[in-house]
């Protein structure tokens, strides 16, 4: 049985982090292929239900990333998102859901290196944490 | 008590209101909601420490709305629910008259939202000392213990949505659980669906819940849902210094922001 | 509305005439000023330079005691204490975590319910003071606010930190003529009172000069430290200036006391270094004890 | 049943070197709903695009997925290709298997599998995609410019010169703004009015500009391209058509001792007046607050004297309604006045004045005809102290920002004083000298070196009067913070530049955001400096932040070019990637319950209330409605809405939901 390869979904905004990840590519920096990006117009668009769905469908880890404060293409989407994350993360933690599996980050269009590094450290952390066993159990109880 | 009945009678007589929503003696030692239309029935009204139900839940029900203008016998959380509903454009200044009895036992007529605001200002900052203590008890548990605790609780969930029906702030005409394109919440009552439902329920009340506790009281399998609400109430207060149901014009915690909102987890 | 009283060290020692006059005035106005039970040092001048927690814990303990005693507000006549107590209340109400931390240190939950009042606020809050005046204090006065009463502006919210007015307004009420002068909030040398009397002599000298130059008959103060420098250090001031400076320095409560017709002795006027003498010229002036007064220092009492 | 076409690009070697593109194409082909799946060397090349067009026609595809580079690179290319082949462009999506895959991973199965995941994800998204039509908004090609200072004048002229109509509204009786009050301008020392008045005349005579002076905005409704503005034209108390501006009334008016606003209260004016001789329009206004007739009921001298019988004492304010397509705010700024600096005796001592007052003293058309004479006794001051940063950069005064223009005009003032009073001794107290600008630093140097202005780096702590002199106490921080005193005859405070009184009210009237100091907020601090967050409303000049003349003019022209661009098309066409509130059959009409939490979350004020009424016209419910003209498509409201009643086109609930599922649920057949 080969080493555990985590499945990590990245929810990112189109204007900063998606562009930052593009820069990682154009600069040919390497990172772990376990991470795949889903593109959103803005972190403000990212519905917390989608994060639950990711876990429900077998994600071992999640990255959520957008423009730095004050850099939002829509001026305040990321500020709204930040408030939701603060409460959502607190709630998950309270329910015993391992918030180490959700990595929140600000990554600008210029921070290609930061993206690569974020992905690698996240992948490494999740690998250490192993498969999301608790959720695994739930998952077997039915499709979603 | 007499004062309460008299005021109710007066209002019904004068047709100022067509309906008084209040509490009356239920079976055994319990109290239950009562809808008084006819001045003759005001005798059944009562108000004491047992009157915990949040009667604001009835205000938005179509069948109740049909009955005409209502007066509400309200405890503190009911009044806060009224303000929160006003803040969410669900009721207007003239939609409801409220009566309450203050700790000193005097009847107060709160006929304007402003009057309600002044009165609810007496309520505790966010949570009572006891509530805080209980919350901390669970927060102190290890992550795995918390997981086990909630899994065990949710394993009993029947997806009966009594919590939703009892909540004065769950008034959506179509709840997200009823969406099937896409199907956000799986229909069957299995652990995954139960978890997702309860996370969503709590999040949708974040910055809105007035901590009446009716969700827990309504739950047929005694899931301590109030803990989830109180966790968010204390987080909302600590992080954003905000409290729901204190003002009729307040902006909602999650629909506003401050550029300097503090967090310690975003890299 | 229960108003407590925090004396602090100076009111019991070097500035006992301040508290004597305050209590006399309070009595005359029918105001009760119960002392905060088991109060402690506010930590002024030293604590906040040494240890932030300590500098917050000391005042927090005082205020918590006041709260426990059911006080809605606390009168703090000493400007230094007032500054420390106000700043502490502000800091702790700003920062929930800090409030909990300090509450832990003092083993009492400090809620911040009790408001902190300085002497000016307290006197201003007394309704129709004018009507209670028996012998108008008809003097030309220079109201000296000093620093601790008005700064930091952001926290204390004193009327106009750089050009305060409220003491002048009060003096008007009791029949005096407050003068427009330039040294209302200039430094008197404050903390250097003991270590650098030469500095005090210079700075306080400038203050007195301007007051005299503008024809003031008395300097009115609301801070024991200011009084100490302007009054007790008068010999050093005169020595440096090479001239006699007779203008008396009196506490606002003493001026008010006189206006209320309270006997000078009751107001501790005899305790000053600089004799409180007024030329009888100005009519209606309160009849003031002529004390040659080498000031009785604590200990000797 | 969907018929999706999948096109895998090699991008030369860029993708195929690390991703097994054939394998990806094959895997895609096995996914239900995929009718066509191929790989090709360069999808973006003409033959590549042709392949897509042909496939769309031949296999009549219902959707296209191009797996290639970043959509930020070529999405427009492939969507255009689809459109040309008759497929709605929004049914085409790209899977980014280059920047996000082949370039960042080593050649391996894992890399190929990820590419397959990404392709599968976009296939499932496209299955849920809907054909979208671009949004078309009609545009009224008239611009409303608020404020007739130099910024408003410049913007109006630039827009008018592109052939579009301009309505210029100025609240004062004349246009010209603060610039018309200035004596000379830095760094060239050319006379302000000499360069300004020709522009003012141009405005008056321009066929495309309608000028409403002595008027203010009453209300503004609507959205980009379609605003409805109501303008209150205040009663001038005379008939402008009849008045010739001869000025007889002004000469004869008995109420002569009224402080002149234009002269910053350093001079006087009559009750019927024009602010200054070169006023545009050159028609007087009766100041009813001071006019003897309005106060005492008799006089009417002006009426008797007026050769054209133009005086109208009974005239009333007039409301003018106009339709405009864009609005330029050029409402300018003010400086701090009054009791703001008690420790400086500002407002207490006559000879402590502010910068604008000094401008009037130095101006040849000013109350002293350009001689520097101090207000108290008209003496020529021998020593003048200029205090920079009087309030600016001072948190204690609540003004933390730099007012930007003071360093320069203070140097100018000191210079002018020295030029006019050769024996005079000018001192300048400053914190730092900020002379960033063409010829600015040189200008300040000249003040120091050629005109011998004494610059002292330090702040003034207090100013008070002692036997006829103003004692200025400060510190010289370059000489060991040595406390110092200067005995001055006059003090000029460069008081902070602040937003106009009423700036907040106006911002709320036109629904734009403003900062903590009531300066108007630009849409993006770097990239959209002259736009506001409300589409169709632009900023020019100091209403956005303190600015000098060149900057204000530059920004005005920039705003004008934005307006011209907007007016250049018949209608405004926007991508339909915007939020929509659902509508459904009665009795529900919409799942929206009208809590309107979304409203405050929208950065663009795009969410409105819509009243749904029955046939009898009575109100059934009030629900949210997204204004397609204003929505920018961030989707913040979408994620906020509890009942999922708002969705966003192009990133709909169904689309992103199926992306998540598709990405995570690999099919055995894939690998």
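Going by the order they are written in, the chains are A, B, C and D; count residues from 1 in each one.
Convention: a residue touches a chain if its C-beta (ideal position, glycine included) is under 8 Å from a C-beta of that chain, and two chains touch if they have at least 3 such contacts.
Since we're looking at a predicted model, the values are computed, not measured.
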Chain pair, A-D or C-D, that carries the greater number of C-beta contacts: A-D
Computed distance of Cα centres, chain D from chain A, in Å: 35
Inter-chain centre distance, chain B versus chain C - centres from mean C-alpha coordinates, in Å: 51
Whole-Å gap between the CA centroids of chain B and chain D: 43
For chain C, residues that touch 2 or more chains besides their own: none
Residues of chain B touching at least two other chains: 176, 184, 254-255
Residue list for chain A, restricted to those that touch at least two other chains: 48, 53, 70, 76, 80, 84
Chain contact graph, described as a line, ring, star, complete graph or other shape: other
Every chain pair in contact, whichever chains are involved: A-B, A-D, B-D, C-D
Residues on chain D engaged by chain A in the complex (per definition of touch): 70-73, 96, 98-101, 103-106, 108, 110-111, 113-114, 117-118, 121, 523-525, 533, 577, 601, 603-604, 632-636, 638-640, 648, 650-651, 653, 656-657, 659-661, 663-665
Residue numbers on chain D that touch chain C, as the complex places them: 341-343, 395-396, 462, 464, 466, 471
Interface residues, chain B side, partner chain A - complex: 138-139, 143-151, 176, 183-184, 186, 188, 190-193, 195-196, 199-200, 202-203, 206-207, 227-228, 231-232, 235-236, 239-240, 253-255, 257-259, 261, 263, 265-267
Residues of chain D defined as touching chain B within the complex: 588, 591, 593-601, 622, 640, 642-645, 653-654, 657-658
Residue ranges of chain B in contact with chain D within the complex: 88-90, 171-176, 179, 181-182, 184, 204, 251-252, 254-256
